[in-house]
Each structure stands twice: as structure tokens, then as C-alpha cells.
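We call the chains A, B, C, D and E, going by the order they appear; numbering starts again at 1 in every chain.
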Amino acid sequence: MSSTLLLIQLLNGIQLGVLLFLIAAGLTLVFGVMGFINLAHGVQYMIGAYLTVWFYGMTGHFGAALLLALLAALALALFLEFAVFRHLYDRDHLDQVLATFGVILFLNQAVKVIWGPTPLVISPPEFLAGTFRLTENLNYSIWRIAIIMIGFTVAGLLWFLVTKTRIGMLVRAGATNAGMVGALGVNIRRLFMIVFGFGAMLAGFAGSIAAPIYSVEPGMGDGLLITAFVVIVIGGIGSIRGTFIAALLVGLVDTLGRSTITDILKLFLEPSAANQIGPALASMAIYILMAAVLFFRPEGLFPAQGRRA
Amino acid sequence: KDTLKVGMIVTLSGPPGALGNQARDGFQLALEEMGGKLGGMETEFILEDDELKADVAQSKARSLVEREEVDFVVGTIFSNMLAAIYKPVIQSGAFLISPNAGPSTFAGKNCHENFFVTSYQNNQNFEVLGKIATDKEYRKVFMLAPNYQAGKDAMAGFKQNYKGEIADEIFTPLGHKDFSAEIARIADAEADALFIFMPGGMGVRFVKQFRASGLADKMAFLSAFTVDETTLPAQKDDAVGMNGATNWAPDLDNEQTAAFTAAFEEKYGYIPGGYAMQAYDSAKLIDSAVTKAGGVGDKDAVRAALEAADFTSLRGDFSFNNNHYPVQDFYLLEVVKRDDGKYHTSIVEKVFDDYADSYADACKL
Amino acid sequence: MSVLLATHGLCKSFGALTVTDDVSLELRTGECHALIGPNGAGKTSFVNQLSGLLAPDSGRIEFLGQDITNSSPAARANAGLARTFQITSIIPTMTLFENVALAAQARCGSSYRFFRPVHKDRQINALAGEALERIALTSRNDKLARTLSHGEKRALELAMAIAQKPRALLLDEPMAGIGSDESGQLTDTLLMLKQDYPLLLIEHDMDAVFKVADRVSVLVYGRIIASGTPDEIRANREARTAYLGDET
Amino acid sequence: MRAAAPALVAFMFLAAMPLLAEFWGGSYVTGLIMRAMILAIAALSLDLLIGTCGLVSFGHAAFLGIGAYTAGIAITEGTTDLATILGITIGISVLFALVTGAISLRTHGVTFIMITLAFGQMLFFTFSALSEYGGDDGLTLWERAYAYGLFEFEHGLFYTIFGLLVAIWLLLDRLRQSRFGRVLLAAKENSTRMETLGYGVFGYRLTAYVIAGVIAGIAGALTANEAEFVSPALSAWQRSGDLIIVVVLGGVGRRSGPVLGALAFVVLEEGLSSLTHDWRLIFGPLLIFIVLFAKGGLASLFERRQA
Amino acid sequence: MTLLTVENLHAGYSSAQILFGVGFTVAEGEVVTLLGRNGMGKTTTVRAILGLTPPSAGSVRFAGQDVMGWPPHTIARLGIGLVPEGRQIFPTLTVEENLIATSNRRLNDRWTLPAIYRFFPRLQERRSFSGAQLSGGEQQMLAIGRALMTNPRLLILDEATEGLAPLVRAEIWERLAALKAEGEAIIVIDKNLDALTSLADRHIMLAKGRVVWTGNSEELKQDSSVIDRYLHV
């Protein structure tokens, strides 16, 4: 493999990692910090993407579409919080699983009914739409570089928010003992609502910026949700730093795994056998990574301090 | 018995639902044109969604044959769904007509007298592409397909007629999102042509990313099920000029196709693709058979009439092989933009005349 | 009097913090050995090492002549070493009686029995009933443990340990949370218990300690700074400045 | 007894099902009910993990796949004897459960969920790579296993599945109230305390995990025989997710829960999807509604009414 | 001036009613104890005042407001600081975060981080430990510190000296006396009768969810039959 190829794979891996981070960050906030399992988080990613496409169609301006989509995604999240989720905070995790699964079913279907089953596509904003020449044969998209930079910025901000501000502390406190936070004079419900909306908005944001690279289609968030769970578990639930590192790790392992495992197998296996086993192994790579990490560090790479059970 | 019951099982849910929608619309158009009657009999049409889940498909199939007691089941779009419904439908004695899926599994040893395919044997499109690659003297081809059974068949099918050098063959996961890694390898390999099979949303994403990479201008693009009427509304300009190969295109030069395409667009507002065409033909096939057999009372008569395939196919030339898979012509296609801004595939040239599949010998029918 | 439980040069640190510093301590038959010391001195950590929840960095633990330093918590419990927890540790969703029965069950043969309903098991019920009798619990037996008042939970904690029919009992602040008057009762119970098996008692309630204990060791910063009879400790200057103050 | 009543009523109803079906949809309905019963068996085994042990396995469908593929491959290769097939299924299930259990039971909570998911996915991709046995397309079985003539009777398969369901329900119900069950239930709440009471929790959990795996494996073998078709999708994470949904829908850890959950899941899905292709627009909110207004799942509805 | 008025309070849990008409008052700057044997309803009374266990009947007035039916956090923000039974510190937060997270200086700012650390030097030593890593006694100090950091007008201590070493306990009684001198109102639940009698102005004896006796320390000492009857078995 040439060095440019390797460089491209690295960039791709990081870019995938960044997207995963944006989704996983919201998940780790809502689940790891607040203690609420929200399977509908992946749907929020999808909604972000659809809304962006929709508003783009109306305004013809990517920036405006992004902004409107974020606001709309936030509004939807707050509505869901109000109508469904807030009644489930002090329930069993499994109740949350069932209810949010219901939300997934509904929204996936609703999106299909509204926008149809065909994948939709959209272009990035004009000034970032171009490509730059990487090798004689290959151009690389500026938008992807932009995604990487956006992701790193958001990661920094989030880390500060969760670990350095009182809001972060209160949310973490509320996750273990909401009653006590209330008894000490803090409106934990409202706080949860804000965090929830924020997390959902992050997922929507990920959907918005992913829309120009991937296609927008019903159910696009389901698989990513599982990967996002893999990320937060590897990173250590509730840790923003861990999530960020794990997201990059998963992004890289997935990307590099796909491009190298089959080749490596071909070194000592029949090509046909390698073609048989390689892709299967590449699909398993992130799961193997997760199983290995959890085997040696059951709490993940960066367990949030003092977290029990 | 004076009404005919036809059940259809296609995928309507999720992104692959676009394919099922075409099949549904194609069949219903035919039915409507014939005044709601097939073979002169008042026809009850029952539509089911397999949701691309084997157990759902099977349950729907059983509901059709056991509860509704339909005479014909038309389905499915995907091979794995066909595998799931095959046995219950066949066992019930109803006729199973596949408007799209044509797996090798049921073409050879496991063929059945009551099973008919109006599309093609799955490998054929790929074999056609292999022939094209050889004809055009591409020396080095890069191959890309998703890692599932149809993807593996695609690779094998292409290689059957292509004897040049293979730069590399890559399997991506099903539903793959980001092809940039693969595209980087394609760029690195410096091949003459790309052979690709990426159905549905994967194709949409790939074409877009491939176009952005600048590679589209540097190498030939030979595809199956990657740029077609279900994906073009999303791919738009990015796909223009890209090649595919199959048994039909909406601008095939014959009367019935011109009429069909116009009527279809008029009614549903989009351009029909192969899925719609094959479903339309399936309806016509049933119509011809029921007419000829004078009802569905005599199964053997109906079967013989089906085998005769006495109807005007949109493809023109059409007949069944001994295994009930079609013998038909195949074409090289290219994506074009129409004056009204819509996109469709267009016939470039005929590659095969009366092409039959390679499994028929093993079928004892 | 023979030595039942002994540690030899036990050490444990959490990073830079040494919580057990070369502790050698013995528990003999028939005695109550009290371990007192300021908050955070390492008493609970010491008991955790004895019961196997925490692995010592170095040193040895012997019980009934066997080296149990590396045994699992369950193995130690089965050998007869029972304990209570300072921070109440019960099964909240089971009833008071079921909690005690669970402790008794561990003493009544294998629990790999899959078919007979356990609530009809006479042997277990008898043993649990016996343990409950020794601890006066005002609440009804079928009350869910979760709904007990704090003091009742503390008493339940002790009843469970007794139902284990231990050879030695490690008590981490049994008096905590027990009402002022019930404390007196509990002191009597402890006096009775120590006739059946030796007690290692951790307690901040000095009335109880001086009444029940035969021997007292003072733990400060993980180290035993004094050890002796209650009277000796009461008179010990170091113990007074580090822990007791003017009390007693 | 109260809590078991809904299950017992359901069993009586199921026993009469082949008769009722005569007037009411025929073999299609019995087929549907057979699938519901197999789902109930799988759900019962998962509830042993979730409800009794507090271990949420997100890879339980792996065992369905094991059972189904064992049956599928055996029959394809010409071994049709039911006892042999079940024997192999049980053997492989035990082995797989021991290996994956020994690793995943070192963890708890979400980590356990995810690590079981990982094992499930590994198996899923393995099945998908079995090109000789259909790969992703799945494998059609051209005959059923030979059950000494049992399956040849009218409704023979139905009553075999029914009998297994009732037997497994009874066994697991007893297990829950036994010494063993009591230990598991308590360890779910407070495993540290159980350790200090003298219970090696790991061993108890591993045993339960193996039992659950074997039962799910049997359900898988039944699926293969009922559907005469197996596919890797049987062991995909979506299927494991469905199983969790069924358990929660019915009521976690409730005696009638898994049975009610499975029946409701199948019947609702079937009923709604025959109303409209967009049936999820109804089913989704219905699930939410059940969570919000029936704490403790469907089983709790009945319990409350009786109380 | 009365700060807290509790009248005819009825409360309980879904399984059973626990309080049957509890009533008492706490004046500004007054120290009041709740006495009674285990399970008599002391903790439930405190929870009912704060709305944690919503009362079914009766009234609670605090600082001139009728707070019946208010959510706990709004009641607490009027100036009630709770040291709950069983500590209930936040295990995943560090010591310092535990103190800061819910701190409040709206009413006054007597209690700041340095002040707490002066009060409990031990906490300063452990400032970056997570709550779960603390010893039982250290957790108790943290729970007290956390309540003080809300700078309450009324401090409620539910068995706050449980698990504390005698020296620390003695110090806490001293500091409470000092707080009282500064005009802080306090409700104490504790088993240390001696310390309570020297600290408190008034004692309220609960039995089976009812107030069965009230009086000052003098009366309590003299009336030993009260102790016999309600505290002894």
C-alpha cells in the first residue's frame, strides 16, 4: 500500500471517527452521565439529515438549512422529552429501551411516509464543496477536512462543559441520585431536559454534516447507533475524553481493517479463501476490538471516576 | 370460480422499498390497463410487504397461499426473500412468479414446475458486463461488490466472460456508508475499468463519492444495479455517462415500451425501470396463461400456457428456458439526462442475443 | 485460648495512600476484639481484606490455621468467616425474612438445586427464624427490606451475619443507626454472641466498645498504635489524642 | 398462582388453537401461533437471564442461530434424526455458552450488553460467510427432521412445540423459586453481599447462562423445522433486540411475562401489518403507550386487575 | 419568629401510612430535636417537610410560604439544607464537586469551600477522591459539608453523626452550638441524648407517627418516665 493511500485511509478513519464522536457524545451524555438509555438517538441523527435536506430544498442555502435543521431537531427532541422521555427517567433501563424502540419504529416509518423510501442527496455549502488534488489520480473532499475540524472543536467544548462546569457536575450527580439533587435545591428535571435536548441536537448536527457525504434514507441511524454504543463502551461510559479517543479508534480500526485485513490474509491464504474470510473479519473488527478492550478493562479505556456497576 | 386471486410480495419498507414500489406500480398499471381483469377474470390483487426480513416474507407468503388461497404469488425483489417464501408457496400448489429475484439456487437442481422467473438469472447481468469488458479490451479491471451472496455471484458472473487482469476485488459490507477508502484503492490501482455492483443506497453514495474523487473521468464504469431508475433521482448529474447492462431500458426501441413508459410516467410521475417492466410483464404473462387455459381450474393447462409465454413482452423477444428462467437479449446501457431534466438509462448497443443462463442444464424439467 | 483468625504484616495502599500498614492482629476464641480509630484510618479497608473484597499488597491472612490470603470471598464465608457492612448491604427487593433465609441457605447444603421451592425448605426457615430471634426486630417478617427504616436495616444486617452460623464474625459499626435505647439491647446481644464465636468489632460508640470488648486495638493512618485491655486503652495518651478525646 | 394465571389461560387457549383454527384462518393461523410459541420459548430463556439474573444479553439470538443452523446443516447433509439434531444443538449451545459466558460474565451492566452483542455479531457474520449453506440468502430445508413419526400426525409439530413450551415454562418457573433461583435473584440486586454470604456468584450465573443458551438453541432447532428455512438474520442483533423487546413487553421477571409478550408481539405485528403497510406508525406509539401506562409490562396489567 | 410550622401532617408510602397528624414549630435560631425509636417516623417527617414524600394531608409553612405540594427543589431553595440519613453523597463526583455542585450563596455566604475545608480538614486532604472512595465517616463529613454549602436558614441533620469518630463528633456538637449562636435554625435527629440535651432548645418525641411529647431539655431530664416510655422498649 502506498503512503498516500495510507494517508487517505487515516484521514477517512479520522473523519468517520469524528462523526461517530458527535453521535456517541450525545449518547454518552444522555446515557453515561444522565443514566438514560435512548435508542432513539440514532433516529435523531437521521432526522437531522432529513431536515437539512428539506430546509436546503426550501432555502437553497446550506448554512441556513443547517441552522434551521438544528433548531427543528432541538424542538422535536424537546417535544419527545416532554411527551415521553421525562416520564421514564426514574424507570428501569429496559422500560426506556422499549419506549425508545417505539419511537424508532414510528419515526423511521414517518420519515419514509413523508419523504419516500428513495435515498436523498445534498451538496455541501459552496465554499467547502470543492476538492483538492491529493495524487495525480485522486481528489480529496474539502468537506471531509471541514468535518474533522468541526469535530475536534466540538470535542474540546464538550469536554470543558461536562468536566469543568457546574452543569456537568449536577447532571452527573443527578444520574446517581436525582432525588438528592432535588432535595438540595436544584431543578434536576429541567436540567435533564436541557442536556437531553443538547445531546439530541448533537446527533442531529452529525446528521446534518454527514448528509453531504452519505445518502439520506430511512433507518440510516440504526446501524450507527450500535456503533456509537460500541464507542462509548470502549471509551468508558460517561467519559467525553474516552468517547473521543474511542471514536477515533473505532473509526480507524474500521477503515483500516477493511482496507488491509483481506490483503494481509492474502499473504498466507488462497486469494479466494482470503476474499471469503477477509470481509467477514473486517466487519467483525470493531466488535473484536470491543471484546478485547472489555476483556482487559471491563470499565472501558477511561472509566468515569468512581462509577459503580 | 370466477375471480382470480393474485398476491404480490415485494419489499416496500426502508430504502430498498423504492424497488418494490416500482414493481407494485408496474403490476398495477398492467392490471388497470386490462380493466382489472387478468385472462378475462375479475382479479383480486393483494399486496404484501416483506420488509426485507425472511420471517416476515415467509409469514406473508403463508398468509397468501393458506388463508387467501391465491392462484399466483408474484415476488420477490430480493433473492434471500425468495428463498424464504419458495417452499411454502411451491408446496401449496400456487404458481410462483418472480418479477426480479433470479437466484442460481432455483435455476438448476432445485427448479420447480410451478416456479417462473420473468427477470433474468441473477448472474446474467454480470456475465454481460464481463463480455463487454472483454469486447472493449479493458486490460485491467477493478471489482467491487457488497459482501453477501449476490455480491459473490456478481464477482463470479463477471469473471466468467472476462479473461483480462483483475487489479483487485473488494467486498464491502452490506449497507456500506463511506466508500472513500475503496475509492482511494481504486485510484491507486490504475485500472482501465471499474466493475461494480452496488444496489440501492450504496450505489447512490458510491456514485456521488466516485464522481467527487475525479476518477469518473479517468476510467470506464461498468455497473449492474448501481445506476438505474430507482437510484437516478438521487444520483442525478453525477451518474450521467456511466454504464450498466441489463435486459431493457425505458427507451428500448419498440412500440409497447414507448406506450408503457409514457403511460407509466403519466400515472406515477417517475420513469419506470427494469423492476416496473418485469412486474408489468409478469401481469401480462399471467393474463396470457389464464386466457389460454381458460381459467385456473386446470393447473397443467395453466403451466403449459405459462411455459409458452404467449404475450407481448416489453422486451420484445422473450421466451422461457426449460428451467422457467427467461431467454432474452441483453444490452449495454448508459445514463442520460432527458431534456425535461429527468434521468434514465438508455440503450447503447445489444451485447447478447437470446442469452440463456448456465444452470438450466442441471434442471430436470 | 486458641487463635482463630490472624493477620501477619498486612499492607495495602491506594496509590500514595497507605490504608493498612504492616498490621498484625489476632482474634482468639471467646473474645471480642475491638478495632477503633479515627475516620479514614483504614478499619473498613482492613475488614474488606479479611473478607476478601480487597486484595492486600503484601502480608498473610490465616483463618482456622489455613492461609486464606488468596481465597475468594465466598470461600472465606463458607469457611465460617462472616461480616456485616458499615454501609448497609442487603437485598432491597426481598423481604426481611428472605434476606435472612438467604444467609441461612448458604449453610444448608448446595444451592445448585433447581426444583424444590425454597420457601418450603424447613431447614432454612428454622435457621433463619433462630437468627431473627436473637436480634429484636420490630418490623414484620414479610416487609420488603427496601421499606425498612434505617435502624431496622442495620439490625437486619446483623441478623444475616448471625444466620450464617459463622465461626468468627466481623462487625463493621453495628451500632451505627441504631437508636439510643436499642443500642443498649444490642450491646447485650453482642455480649451473648461472643460466647458463641469471637467478634472483631469496629465501632465508634465507645460505651459499647468498652462494655463488650476484651481487647482493643487502635488504628491510626493504617497502623496499630496501641493494643490492650479497655482500661489500658482508656488510659493511653496516644489513643486519647488521636481518637478518643475526652469522651469516657 | 395469581401471577401464573395469564400464562395458564394462554396455554389452554393455545392447546385448543388447532381446533379453533379450523374456523379461523386454518393452517396459516396455526403456523403463526407456532412461531409465537417458539418465540415464547426463546423469550422464556432470555427472561431467565434478564428477569432472574439481571443480565441483559444483546446476543441471545446467537443461540437461535446455533440451533437453526445445526438443524439446517444436519438435514442438508442427510442427518434427519431429531434426537441427534437436538443432541448436537445442545452440545454446541453448551460449548458456546461456556466460552462466551466465561468471558462476558466478568462484566456487568452495559458492558455485558455490549460484549454479548459482540459475540452475537461474530456468529452472525460467520453464518453469513457460510457460502456452502446459502450465505446471506439462507438455506431452504427440503424436508423436516424425523421425529419418529410425530411430525407426520396432523398438528404433530404444533403439539410438539406446545408441549416443549409448557414444559420449559414449568421448569423455569420452578427454577425461579428454587434455591438456585433465589441465589440468582439476590445476586441481581447485590452480588457483593452474596459473595460475602458464601455464594460464588460467577458459577451460578454461568450455569444460568448455559441453561438459557440451551433452551434458546432448542428454540432455534424448532424454528428451522417449522419454517423449513434458516438464515443468518436469525442471529442478527435486530433479532436479539426483538427478544429483549418481547421480554420487556410481557413484563420482566414475571411468571407470565415472556409468554404474553411473545403472543402479543406476533399477533400485534400480524394484525397491524394486515391493516396497513405503515403499521409501524401504530405499533411504535403503542409500545410507548404500554411502557407509560403499564409499568411492568402486559403481565402486570392482569396481575393488577386481579389484585 | 417561627420559621417552620408543621400542622397535622399525614404522610406515608404506597404500602402504608406512617405519619398521623404530626405537628410542631421551629423558630428562627432554634434547635429542635426529633426523638423516637427506630421506625417511628422521624425520617419520614423530614422527608414530608421537604416534599420528598409528599404529605397526604396537613400543612407545612416555611419562611412565610405555604409549601404544601411544592416540588422538593423549590422548597429546598427557600433555605433548607438536608443531611440525609445514610449520607447519600454523589459517588461519581469528587469531594470538591460534591460540595460545589449544589452550593448556593443566595441567602448568605457564610459557607464557602475554604470554610468547609477549615471545618473538615480531612475533606481537603481527600478533595480529588471520588465520593465512592471515601470511608464511611468521611462520607458523613461530606454530606454535612454539602448541606452547609447551600447556606441554609434551616439545617436538618438526620443521624448526621453516625459513623463519626468521638473526637469529630464532639467537634460537630461544638460547631452546631456555634451555628445556633449565629442564629441558624436546626432540626436534629440523633441518638446521642447527652449531646442533644445540652444543645437543643426543644425536643419532640415521636411514636408510631404521632407527637407524643414535647418539652425543653430541663423537662426531658426531669421527666424520666418519658424516656422510659418512648425510648425504652
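As a convention for this text, a residue touches a chain if its C-beta (ideal position, glycine included) is under 8 Å from a C-beta of that chain, and two chains touch if they have at least 3 such contacts.
Quick caveat: nothing in here was measured; it's all calculated off a predicted structure.
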Subunit C and subunit B - chains in contact with each: D
Distance-maximising chain from subunit C - centres being C-alpha averages: B
Distance-maximising chain from subunit D - centres being C-alpha averages: E
For subunit C paired with subunit D, centre-to-centre distance based on mean C-alpha positions, whole Å: 43
Inter-centroid spacing, subunit B versus subunit A (mean Cα positions, whole Å): 35
Euclidean distance of C-alpha centroids - subunit B vs subunit E, Å: 76
For subunit B, residues that touch 2 or more chains besides their own: 12-13, 147
For subunit C, residues that touch 2 or more chains besides their own: none
For subunit D, residues that touch 2 or more chains besides their own: 128, 131
Chain pairs that touch, as defined at the top of this document: A-B, A-D, A-E, B-D, C-D, C-E
Subunit D partner contacts - residues on subunit C that touch it in the complex: 51-53, 72-75, 77-78, 82-83, 85, 89-94, 98, 102-103, 105-107, 110-119, 121, 160, 164
Subunit A partner contacts - residues on subunit B that touch it in the complex: 12-18, 21, 147, 169-173, 175, 177-178, 180-185, 187-188, 190, 200-201, 204-205, 208-209, 212-215, 218, 230-231, 233-236
For the subunit B and subunit D complex, residues of the former touching the latter: 12-13, 47, 49, 53-56, 58-59, 62-63, 66-67, 79-80, 83-84, 86-88, 103, 105, 110, 147-150, 152, 174
Subunit E-facing residues of subunit C, complex: 14, 37-41, 43-45, 86-88, 136, 138-139, 144, 147-152, 155, 173, 176-183, 185, 204, 206, 243-247
Subunit D residues touching subunit A - in the complex, by the definition given at the top: 50, 56, 103, 106-111, 114-115, 117-119, 121-122, 125-126, 128-129, 131, 237, 241, 244-245, 247-249, 252, 278, 280-281, 283-288, 290-292, 295
